[in-house]
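First chain A sits with chain B, and in the next complex the same chain sits with chain C.
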Partner chain A sequence: MPREVDPSINESEFLHKALQQGLRTDGRSVYDMRDVKLTFGDELGWVECRLGETRVVVQVSGEIVKPLADRPYEGFLVISTEISPMASSAYEAGRASDEEVLMARLLEKALRRSEAVDREALCIVAGQKVWSIRVDVHFLDDEGNMLDCASIAAITALRHFRRPDVTVIGEDVTIHSMAEHVPVPLAIHHTPICLTFAFFGDDSLAVLDPSHLESLLASGTLTLTLNSQQEICVLSKAGGVPLPADDIMKVIQIGVQRVKEVDALIKSSLEMEAKKTVVEVR
Partner chain B sequence: MGRGSQLGGAKAVAARYGSLLVVKRTIELAASLKATFEPVLLLHLYPRSSIDIYLQILEVDGSLLQAAINATTLALISAGLPLTDYVCSLSLASYPSISPSAAPQIPPFTLSTPSVPHSNKESGTIGSGSTTLLDLCQQEEQSLPNVTVAVLPRSGKVTLVNLETRVGVGRFEEMLRWGVEGSKVVQGAMEEAVHTWAQSLAAPSKGLANLFPGIAGSKPEGEDEEMDD
Partner chain C sequence: MAPRTDRSPTALRPLALSQSLLARADGSTKFSFGNVSVMASITGPTEVRIREELVDKATLEINVRPLRGLAGPSHKAAETLLTSLLAPLILLHLYPRSLLQLTLQTLSSSSTAFSTAFSTSPSSLTPSPSTVTLQSLPPSSAESAARINASMLALVDAGVACKGMLVAVAVAFVEGELRLDPTQREEEMATSRHVFAFSFGVDVGGTEGECVGVDSVGQFEVDELFEAQSLAQTATQAILAFIRKSIETRYGATGAPPPAAVKPAPAMKEEKMELPEEESEGDESMDDA
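Right after this comes the complex of A and B.
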């Protein structure tokens, strides 16, 4: 598989000069995100998110498994992110490059470590049966910033998903099909959303939601995972160009604003979808 | 980051023997180190060369990333590789209350985020509602929201921030600012260690001192001039 071609000097200089004037090559302003478009599939828990030209599809599914011996009350949240060459010819099937591992780790931290999904609510019979929720992330198109796109798709899919209802009488467990009982949504505490900022040169020029070219030419990135309650779930600035602490705080304030907008968009998309598909009739 | 020289990753041998999560964490640690030191090392002085950093974790009592970064800084200095600045790393946690017997923490900075005021009933002064702990041990790391920062003390710029636990924006800012302040202490300790080590290298034998009077270390007055950077 060919390694990605480095951008030409022309492209690099053009980008830097434009940024110094506060312009971006696709016409956005520095702290603008691309348009987020959410599409829901026929199945509950299938969501496609488009962030400009970047496309990610997330499918949430659940199955019943035995819990760990030392945590008999907790269910599982498994996140699978494998980048296939469908996203871009720069990715190899099977072998995960360092970048992919880092992206997978950030997504895991954003969804699992931040405890967005209540795992104790996934317990059916303590010590014997718990739900294992599986989040499959498929990267369809890489036009920069797949992480943010994936995080929006994943949390929307988790909020869209409903698991079959289960009745437990003593040791007897009955799983009701979607036709018998209304499926139950997951217990989600908060909505973590990842925002990635890219930095250029030494003068701390920052842009939000870098495009493909911008991420290739960036001298550092900062990924911020926030929820709408002004809490930072994950902040990852793993090296790259050193920044003054003031710049980091400025970036966080911008992130707080943007997350409110994205959260409102997710909410309205889910509401519109709920009106279209009938899940329960009262 | 010159084309001709590269900073080889520190892929620990443990990556082959650990579970999937351990492997991912190791790769993450290695990638963080690489990205932290690439802008600080003067790589253009070593074209067509590879600088490899091998990290061996002997014991962990919390703050692994902090220890790894500090150790790598000192190792690079000891190897004689030029750096633009020390990379000082510190782990911090936010403890959500003020100890009633202690005086409230008065930080040497002002916060840009308005924090929720919380009065310390004993002294009656208003604090920020949380105490910041520095350099965490395993237990503190596991029970409190914590962050690891790496700072270049000369410029006060932050090169690495790693937060994995949920924390409010105000408390995070407090931890970050304390991190920048605390890195000066780490730098002091590093400088002392480097000076002691460098002096031991430059300590001349008695014979040499007799042959060349005035060489570093042989005369007390000359020593001060020679050893200062």
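Right after this comes the complex of A and C.
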């Protein structure tokens, strides 16, 4: 596939000079995120997140499967992140680049390893039937920072999703249709959100939510996964320039603030959506 | 199964079309039949891998991606169907030694896996599968038709030269009754379902449209097929009229393409007016038809 075109020397110099004066090419200040826009589908568990021009669609769905023999009480959370050439022609269908693998791993750490979804609550009959929750992440447009966009979309979709209600009598399981019984939300412990900072040069210049051009020119990135309870779930820095501890502390302080804003936005969007779509009648 | 209450058996669901949604693709389109919607993106003509390079024409690469799960054999079949429908219509010889990359992503497709209740109890009357899987859903015909329309409109958006327009629609027979643009539920109950693709344009079907592709599943009589085809033909004409209207509204054009001399040349580039020009070329072929 065609390689990503390297930015020109002019573009690079312009961006660096502007950053030294605290300016960014899209008019944001250095620690601002682009606007997060969440759209919900007709179906529960369908969410589109837009971070500026970056666009990710997530569909959450559930199926009933047999659990692993050594973990009879645990359901599954499967995250599928294959980047199609729709995001950008730099991504090849069916062959994951290093960047893509890193992104998939980080999303996995953020959602699964942080235990955001209670997997034991997905058990129906121990050792026989458990829910397997599938999160399909579709990257539609790569205008930089797809990871943060995907993490916001995925956690919102998981919170929006409802699984059908199930009645267990002995070994018999009855799955009730959505019309018959009120569908059940997933047990979610917290809302982890990824925030990516890009670093430029040796003079400790950091920007939040790098655009496509910024991520091409950055000398290194740092991804934080935080929740609104001010807990750090993941701190990942894969390669790039070394950073002093002070810089890392500084971006964490900023991250804590930004995560609260994003979390509040997710909450208000979900509430707005809940008013529009009647899921349960009391 | 109960007859349709929301629309007549020969009516379409509301159509929706939006173009140029994606920043990184050369052309993109979202096309929907009611709640079935598909996004298509085109990149190209671009650099092609040497192994796939063709000296006399462009390589057409098509990727079909489902909303849930991974692409399986049914998606490979959909890719083959699209290739056979689109390749003769695109003027591939104009872009030798290059690549046209078409990616299709299903954005929403109603699933009915849990719309009916069932039990795993042996005494239960309903069929009792021990596990419920996502793959049990059959590939939808309405989705297939939406894919064809979305790909064609992405080509128009990217300004890729084509001989004409390709428009598709799904038809199903439910209890002997003809149903245009069936819902997921109707498709499941259908004895047969068909996707018809019609081409419109000079020498490829005119304004009437020429049937260039039929994809049928199920049992049906020859007469039924022709009955369905004539219904599909009128439906595709209506869809094409909708597409025309939508593109015209977008570029502010009315009726025939505006005369080229009226446009002041230098000022246009700043206002991103390049697309309308490419567009009017696409429109012309439809107009002459």
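Please note the rule applied: the second predicted complex is superposed on the first by the 282 of 282 C-alpha atoms of A that agree within 3 Å, B and C clash if a C-alpha of one lies under 4 Å from a C-alpha of the other, contacts with A are read in each partner's own complex, and residues count from 1 in each chain.
Throughout what follows, a residue touches a chain if its C-beta (ideal position, glycine included) is under 8 Å from a C-beta of that chain, and two chains touch if they have at least 3 such contacts.
All values reported here derive from a predicted model rather than from experimental measurement.
Participant: After the superposition on A, what does A:180 contact: first (chain B), second (chain C), both or neither?
Facilitator: Once the two structures are laid over each other on A, A:180 reaches chain C alone.
Participant: Examine A:241 and indicate which partner it touches, taking first as chain B and second as chain C; both and neither are also allowed.
Facilitator: In the superposed model, A:241 contacts chain B only, not chain C.
Participant: In the superposed arrangement, does A:42 touch chain B (first), chain C (second), both or neither?
Facilitator: Only chain C is touched by A:42; chain B is not.
Participant: Name the contact category of A:102: first (chain B only), second (chain C only), both, or neither.
Facilitator: first
Participant: Could you tell me if A:114 is touching chain B, chain C, both of them or neither one (first, second, both, neither)?
Facilitator: first
Participant: After superposing on the shared chain, does chain C or chain B touch more chain A residues?
Facilitator: More residues of chain A are touched by C.
Participant: Identify the partner contact of A:22: answer first if only chain B is touched, second if only chain C is, both if each is, neither if none is.
Facilitator: So A:22 meets neither chain B nor chain C here.
Participant: Looking at A:55 after the superposition, I want to know if it touches chain B, chain C, both of them or none. Which is it: first, second, both, neither?
Facilitator: Second partner only, chain C.
Participant: Under the stated touch criterion, which partner chain does A:127 make contact with: chain B (first), chain C (second), both, or neither?
Facilitator: neither
Participant: Return the residues of chain A at which the contacts from chain B and from chain C coincide.
Facilitator: The answer is that chain A has no such residue.
Participant: Residues of chain B touching chain A in their complex?
Facilitator: Touching chain A: residues 9, 24-25, 27-28, 31-40, 112-113, 147, 152, 155-169, 172-173, 176-177, 180 of chain B.
Participant: So in the complex, which bits of chain A are touching chain B?
Facilitator: Of all residues in chain A, those touching chain B are 98, 101-102, 104-105, 109, 113-115, 219-220, 222, 230-246, 248-249, 252-253, 256.
Participant: What residues on chain A touch chain C, complex-wise?
Facilitator: For this pair, the touching residues of chain A are 1-2, 41-43, 46, 53, 55, 57, 59, 61, 63-66, 80, 82, 84-89, 93, 129, 134, 136, 138, 140-143, 164, 169, 171-180, 212.
Participant: Which of the residues in chain C come into contact with chain A in the complex?
Facilitator: 21-25, 28, 35, 39, 41, 43, 46-47, 49, 63, 65, 67-70, 101, 103, 105, 107-108, 110-111, 113-121, 124, 131-134
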